[in-house]
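There are two complexes below, and they share chain A, which is joined by chain B in the first and by chain C in the second.
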Partner chain A sequence: MKKRLKLTDIAKGGDAPLTEINLDELTPLPPPYDKVEEQPEFKRLTEEQKERLVCNLDGVVSYAALPKPKNKEEEKKYVEQFVSGLKKLLSKENNWTFLQPLLLSLDYCARCQTCNEACPIYLASGKNELYRPTYRSEIFRRLVNKYARPGGKFKAKLNREDIELNWTTITRFYELSYRCNLCRRCAQICPLGVDNALIAREIRKLFSQELGWAPKELHEKGTVLQLEVGSPTGLRPNVAMDNLEFLDEEFSEALGIEIKTPWDKKGADVLLIHSAGDIISFPEGPISFSVLCNAAGINWTLSSEVGGYDGVNYGVFYDDFQLAKVATRHAQIAQELGVKKIVMGECGHQHKAFMTVADRILTGELNIPRESVMTFLEDIVFSGKIKFDPSKNNFPVTLHDPCNIVRNLGIVEPQRRILRYLCPQFREMTPHGIDNYCCGGGGGLSVMSDVNFTDWKAHVAGRLKLKQVIDAFADHPDPEVKKYLCAPCLNCKLQFRDIFDYYKVKERSGIIFGGLGELAVNAMVDIKKPLIKWEEE
Partner chain B sequence: MAQMKLAGDTYEVDENGFMQETDRWTEDVARAYAARENVNELTDEHWTAVNYLRNYYLENGICPMIRRLIKETGFNLSKLYQLFPEGPAQSACKWAGVPKPTGCV
Partner chain C sequence: MSVALIILTYFAYVFIVVMYSVKLIKIARMPVHLRWELYPIASETESKYGSSYYGDVEQWKKNRRKTVLKGIFYLLKENFWFGEYFRRNRWYWLVLLPWHIGFILIIAFHILCFFGAIVIIAGVPVSAQSTFILGRTFYYLILLTGVISFISGAFGSIGLLIKRLIDKDLRAFATPQNYFNYLFTLAVFASGLYAWHFVDPTLSGYREFWKGLVTLSPVPIDSATATHIILFALFLIYLPFTRSLHYITKFFAYLWVRWDDKPNLKGSKIERNVKEWLNKPVSWSAEHIKADGKKSWVDLTTEKKSDEKEA
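Right, the complex of A and B next:
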C-alpha cells in the first residue's frame, strides 16, 4: 500500500486495485481494541466476486451493480457520457445549484495540502495516498481542465498534467467519490475555503445524473422509494401510523405516563418531521419527542402524507433532481397542513438539505420557517414547564457532534446547555464542536452496505470516531460502569450501531448510544421508570 | 446479480445473500439458509418468528420493528439471537425470504 501513488495511476492497471486495506497499517485504536489480531476481520472479495464485479479501486465495493462494458463501443459511450457530464457541471444552465462554489473550489486550490491532515479517513487509513482529499480533487481538476475547458487537451499535454480518461479511470473515480463522508472538515481548515467534499459530491452527481450510476440504497431504494411510498425504509403511511400507535401504547406502559402522538393536525404551530428509520429502529427517539412536546404544551403534529413522516433527503448526497423533489414534497406537506413552522428531527443531513440547500429551491409560500430540533428542544427543556431531576442521569455521558448540524450550520451550544443541565457527568470528546470528527457514516455512507462496504466503514471511516469515544470515557474503562454516547442524528446512530457491533463496544466498554431527547425524558420527574437501559428486561 | 443455490434450486440474491424473488420462497429455502449458518434443525420457535416476519412483510411491504417482533413472538432479543445466529435482521429476515432491510434502519 505504501508505494507512492501518482495522480496518473488512476487510469492505469485495468482491473487491478490501486491499493488494499491492511489492518496493521491503519491508525492504532486504544485498548482494549488495540490488538490487530483481535480486531474483526476485513472481508475480502471472493474470486467469484472479483470476476463478476468492478473492484479496481481498493478491494472494496459499494455498488455491485456498476456495469461492465461489453465491448469497446460501450466503453467509449460511457467515457463520452462522463465528458458530457463534466461539461454540464461547469455550465450555468445545468448546474445553477452548485456552480459557483464548485468553480471556486476548482480554481483556488494552492496545493498546500493543509486539508489532508484534517481528513479523518486519510488519517485513519494510515495516510493512504488514495484517500488524500486532494488526490480525488486534483484528478477531477485536471479532467475538468482537459475535457471541459477550451484548449484543454493542448494545455494538458504542455503542462504534463495529462490524465487519461478511460473505463478504468471513470469506474475507479465513481467508487472514490464514495470514500468521502462529505464532512467538510477539509473545507473548514482550508485557508482559501476550497471544499473537497463539494467536489466529491459533484462527482457523484455527475455519475447519477449523466450515467445513472448511484448506490442502490441512495437512489432506487432511497429517494425513488421515498417519493413513491413515503420512505426509503419502505414504510407506508398506514404502517407508520400503526407503528406509532403501537409505540405510544408500549411506552405508556413502560414509562408509566400517558403518551399520545398527534397526526395530521391542521393549523398546528409545529410540524415535526422525524426520520422513519428512527420510528423503526430507535423508537425511543420519536417517543421522547411525543412525551416532551405534550408535556410542554406545544401545539404540534406529525404528518402521514407520503414523505411527510420521513425527513431524510438522500438527494443531498448525490443528485440535485432528487434533492429538489424531496425538499419540495416536505414543504408542500407543511403548507397544506398550514403549520407555522417545520421542526427537523434528530437527523443531520435533513438539516443540511432542508435548512440550507433548500433555501435556494423553495420560493414564495413554500419557504416555510424551518427550525433545528436542537434549539426547539432547548426551548422545551428551559421553558419551566417540565420538572427534571438530573440525578436520574447520573452516568457518564459524552456528545457526538453531527457534522451537518454543528460544522455546517454552527449549531453548537443548545445541545450542550441541555447536557450540562441534565447530565451531571457530561464530558466532551476531543476534538469536538465544529472540529469534531465525522462518525464515519456521513455523506450517505451509513445506509450503504453492499458487498463488503460495511467493513470499510467500520474499520476506516469510523476509526477515529471510535477512538474518540473510547478516549472520552478513559476514566471509566470498566464495562460495569454504564456510559451513554449521545448522538443526535439517525445516520450517526446507524454508523455507531455498525461500529459498536463490529468491536463489541457495549460488551467490552459498557457504552450504549442514543439521541438527545431520550436524556431529557429520562430525567423527567414524571416518568415512573427509566427510559434509558443498558440491559434488556 | 449474484446467485445462490438453496435446496437444489438457484435463486437471485443480493451481495449479502438475501433473496430477491420473495415469491419463490419455500420452507426448504428457509432450512437451506439455516444450514448455511450451522442451524441444522428448525424448531417451532424458529417457524413462529420466520412465519411472523414473512407474513408481516407480505402484508405491509416492510419488516416489522424489533419491538413488535418481540411482542408478537414472545421471544426477547437474546432469545432471538439464540435462535438466529446473526440476529433478527441479518438471519431471520434472510431465512424468511424477504429483502434485506434498507433505508436508515
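Right, the complex of A and C next:
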C-alpha cells in the first residue's frame, strides 16, 4: 500500500522526490487512448540530470535554473530570503494588491477538503495527495503562521503545525506552486470563499519578487523580453509587421479576398491586440480578424510599438510588478494612438490581466475602455454587414472554454451564440461554461517546457481536458470524420498542440483545433476557398 | 459563586464583541486590492449562467444596476443550510449542519433569555402557566431553542469528531486544536443538555440567572446550570482564538473579493485609494523589481519604452 503523504513530509528526504508519476495510476482515458502501454512514455530524468538539477518534488522539473546551495551559509541565506518574502506578503505597502484576499484565504479555511474534488490536476493524477489544492495551501498557511507572525514558532509546536523550513521545503514548494493551473475551480466551490489558486499565485509571487525565481519562459523570456523587445516570442516590431504583411498576401491569395491589416492608425476606433504567438504559430487567427474587421467596415488598427502587438501578460501568473508594467505599456500605447477602445485578442489570460486584474492599476487617462474579442466578434457576426453560410461549417464542432474568459470574467454566452449560429453541428462538452476544465496549460504552464515539464502537462494537467474533448465527439469516433475543437485562446491552443502531438489526436480521432474567428471567416459567403484546412499543406 | 458567574458572563460577552470587532475592523480597513472576481457573481442578472456585464458590447456605456442584496440573501441562506456542502460533501454536511445549528440556536437562546429577563422585570411572568401570551411565548421559545441547540450541537460535535478521526483526508489536515474544539463544544452542549434533562426541565434556573444578570442581583443557581454557564462563557472567550470568524468573514470573502467586480472609474473612490497605495514605497528584493525602499509602485512599474522599434 502506498504511504500517505504528510504535510510535514515537504521538509524531509532531501533530494529524493516526494512522489512519482505512474501512468497506470492516472485517470483512464477513453478509447483509443485507454491502453496505458500505448500511451507515450513519461520522460524520466537521467542520473546526470538528477545529479545536476533540483528535482525533489515529483520527478518533474519546470525550472532547470533553480540554484543548489553550495554550503550551509548559502542555504541559510535562501531560507532567510524566503522568510523575508513571507513577511512582505503580509505587509500593506508591499502587497496591498492582494493582501485582503490572501488573508481571507489563509486564515479562515475550515480544512473540509471539499475543494479537492474540483481540481482537474488532482483528479487526473488518480488523486495523488501531492496535487491536492489544499496540500500546497495548508503548508503555506503553516509556514506563514510559524515564520511571519508573532509567537508563531511556539504556536506551531503547541498545535503540531510545525513544518521545518529548509532548502528541501523551499525548492519543493517552488515547484509545487507550478503544479496548479490557477483555474480556480477549487475556489469556485469553496463555501467559505477560500481561494487556493490565489495562494498558489502568492507563493509564485514570493519566489519571483523576493528571490528572483520564476520560470524562464514566464520571466526572462516572457515579460522581460516583452518589455524589452516587444514579445515573449522574440518577435520584434518590424518583423511582426513584415510577417503580417506576408500573411496578408498569402491569405489574400488562398481565400480569394483582399486582406490588408492596418498598423498604427492614429485615432482609430479600435486597437486590437493579438498575441504574437498567434501570428507565428496560428496565423489563421489574426488573419481572420483582419478579414472580419475590414468586411464589417470597422475603423481599427494594430500597433507596432514595443509590446503593442502582443497582448500576453505573463505577469498575471507570477509577479504583480511585471503584470503592472506590461498592462501599463499596453494602455500607454492605446493612449498615444488615441483609440476609443482596446479589444483583446483570442487570449484568455490577456482578457483577465488587462480587463480585470490590472483594471485598478490603470488610473486616469490610462483607463481606456477594454473589450473582449468575444463580444466584439458577436457584434460583427450579427451586425448584418457580412453574409454567412453556416453550411460551410457543417462538421462537428465543440467549444473549449478558456478559464480566464468564463470563470474569471463571466463571458459565457457571446461565443456560444456565434457557434450556434455558424456551426450546425455545434455541441457542448461536459462540464462547460463556468464549470469547465482547464486545458491543462493555464497559469502560464502552457508556455513552460523546461526539461520534462511537457510530459507532465500532457499526461497529468491536460488529461481531463483531453478526455472531455474525445467524449464530446464520441458520436463520431472515426478519424475520417473531421472535427473541430474551437479554443479561442492562444495559451490553450499551445497546450492542445502539445497534447494533440503527444497522443496523435488528429491522426487517431480526426480532431483539429483552432480559434473562433476562423470559424466565422470559414462561413463567410465572400470567401472563395475555405480557411479551415483539414490537412497540412 | 453567583457574583463570579455574573462577572464571567459579562466579561465573556464584552471580550468576544471587542475581539471580533477588532478583527473585523482590521480586515475591513485593509487596502483596496486588485480585482480577483470569480463567476458566477450573485448580483449579475444572468448569474445562473455565470455571465457578467462583460458579455455586453461596450458595456461601459450602459448603466449598471447592481444590488448586493441577492448576494447577502444567498450567503445568509448558506449560513443556515450549507447548501454547497449538501451538494458536494454530503457526509460532512450531515454533521456540520447540526453543529452549526447548535451554535445559531444557542445564540438565539441567549438573546431570548435576555429579552425574557426584560419581560420578567417588566412584570410578565415567563412560564408555561403564565397568564400572558408573551410570557408563554418566551417560555416555549427559550425552551425550544435551548433544548434543540443542546441536542443538535452535541450531535454535531460528536459527529465531526468521529468524521475527522475516521476520514483519512480530513485527519491528515487536522490539528490538535480541531479535536479540542469538538470536545469543548461537546462539553458546552452536553452540559446544557444534562442540566435541562436531569436538573431543570423548564430552564427556570437559566431564566432567573438572566434576570439576575440584567438587574445585577445574583441569584442562587444549581451546579449543573452553573457548569453550563461557566463553560459557555469560557467558550465565548475562546472563540476569537479559533477560525470561528469565518461565519462572518465569508461575507467579506464573497462580497469584497469573489463578487467584487466594481470597475475602476475615473475620479472614483477606488481610483483615489489605488493612487494612494501606488505611491507607497516598496522593498521587495528581487533584482528585476529594482526596489530600494524609497521608490514607489508607480516609479517601479512605469518604465520608459525602449526604442527597439527605431533600432
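Going forward, the second predicted complex is superposed on the first by the 534 of 537 C-alpha atoms of A that agree within 3 Å, B and C clash if a C-alpha of one lies under 4 Å from a C-alpha of the other, contacts with A are read in each partner's own complex, and residues count from 1 in each chain.
Simple rule for what comes next: a contact is a pair of C-beta atoms (placed from the backbone, for glycine too) under 8 Å apart; a residue touches a chain by one contact, two chains touch by 3 or more.
Computed from a prediction, not measured in an experiment: that's the story for all the values here.
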Superposition on chain A - do chain B and chain C clash or fit: fit
Chain B versus chain C as contact partner of A:354, first or second or both or neither: neither
Touching partner for A:437 - first (chain B), second (chain C), both, neither: neither
Which superposed partner A:122 touches (first chain B, second chain C, both, neither): neither
Partner chain(s) touched by A:426 [first = chain B, second = chain C, both, neither]: neither
Chain B versus chain C as contact partner of A:236, first or second or both or neither: both
Three-chain overlay, vertex chain A: chain B-chain C angle, C-alpha, nearest 10 degrees: 160
More chain A residues in contact - chain B or chain C: C
Contacts of A:167 with chain B and chain C, given as first, second, both or neither: neither
Partner chain(s) touched by A:221 [first = chain B, second = chain C, both, neither]: first
Overlay on shared chain A, then closest C-alpha pair between chain B and chain C (Å): 12
Chain A positions touched by chain B in one structure and by chain C in the second: 229, 236
Chain A contact footprint on chain B (complex, rising order): 2, 14-16, 60-62, 65-68, 71, 76-78, 100-105
Residue numbers on chain A that touch chain B, as the complex places them: 49, 52, 61, 64, 217, 221-222, 225-226, 229, 231-236, 239, 243, 246-247, 250, 275-281, 283, 312, 446-447, 449-451, 490-491, 494, 536-537
Of chain A, residues touching chain C in the complex: 4, 6-7, 81, 84-85, 88, 92-94, 96-101, 103-105, 107-114, 116-117, 129, 134, 138, 159-161, 184, 187-195, 198, 208-212, 219, 224, 227-230, 236-238, 304-307, 320-322, 324-325, 328-329, 332, 341, 355-364, 367, 369, 371-372, 374-376, 378-379, 406-414, 433-434
List of chain C residues in touch with chain A within their complex: 27, 30-41, 44, 46, 49-60, 78, 82, 84-85, 88-89, 92, 96, 168-170, 172-178, 243, 245-246, 249-250, 252-254, 256-258, 261, 263-266, 270-271, 274-275, 277-278, 280-289, 297, 300-303, 305-306, 308-309
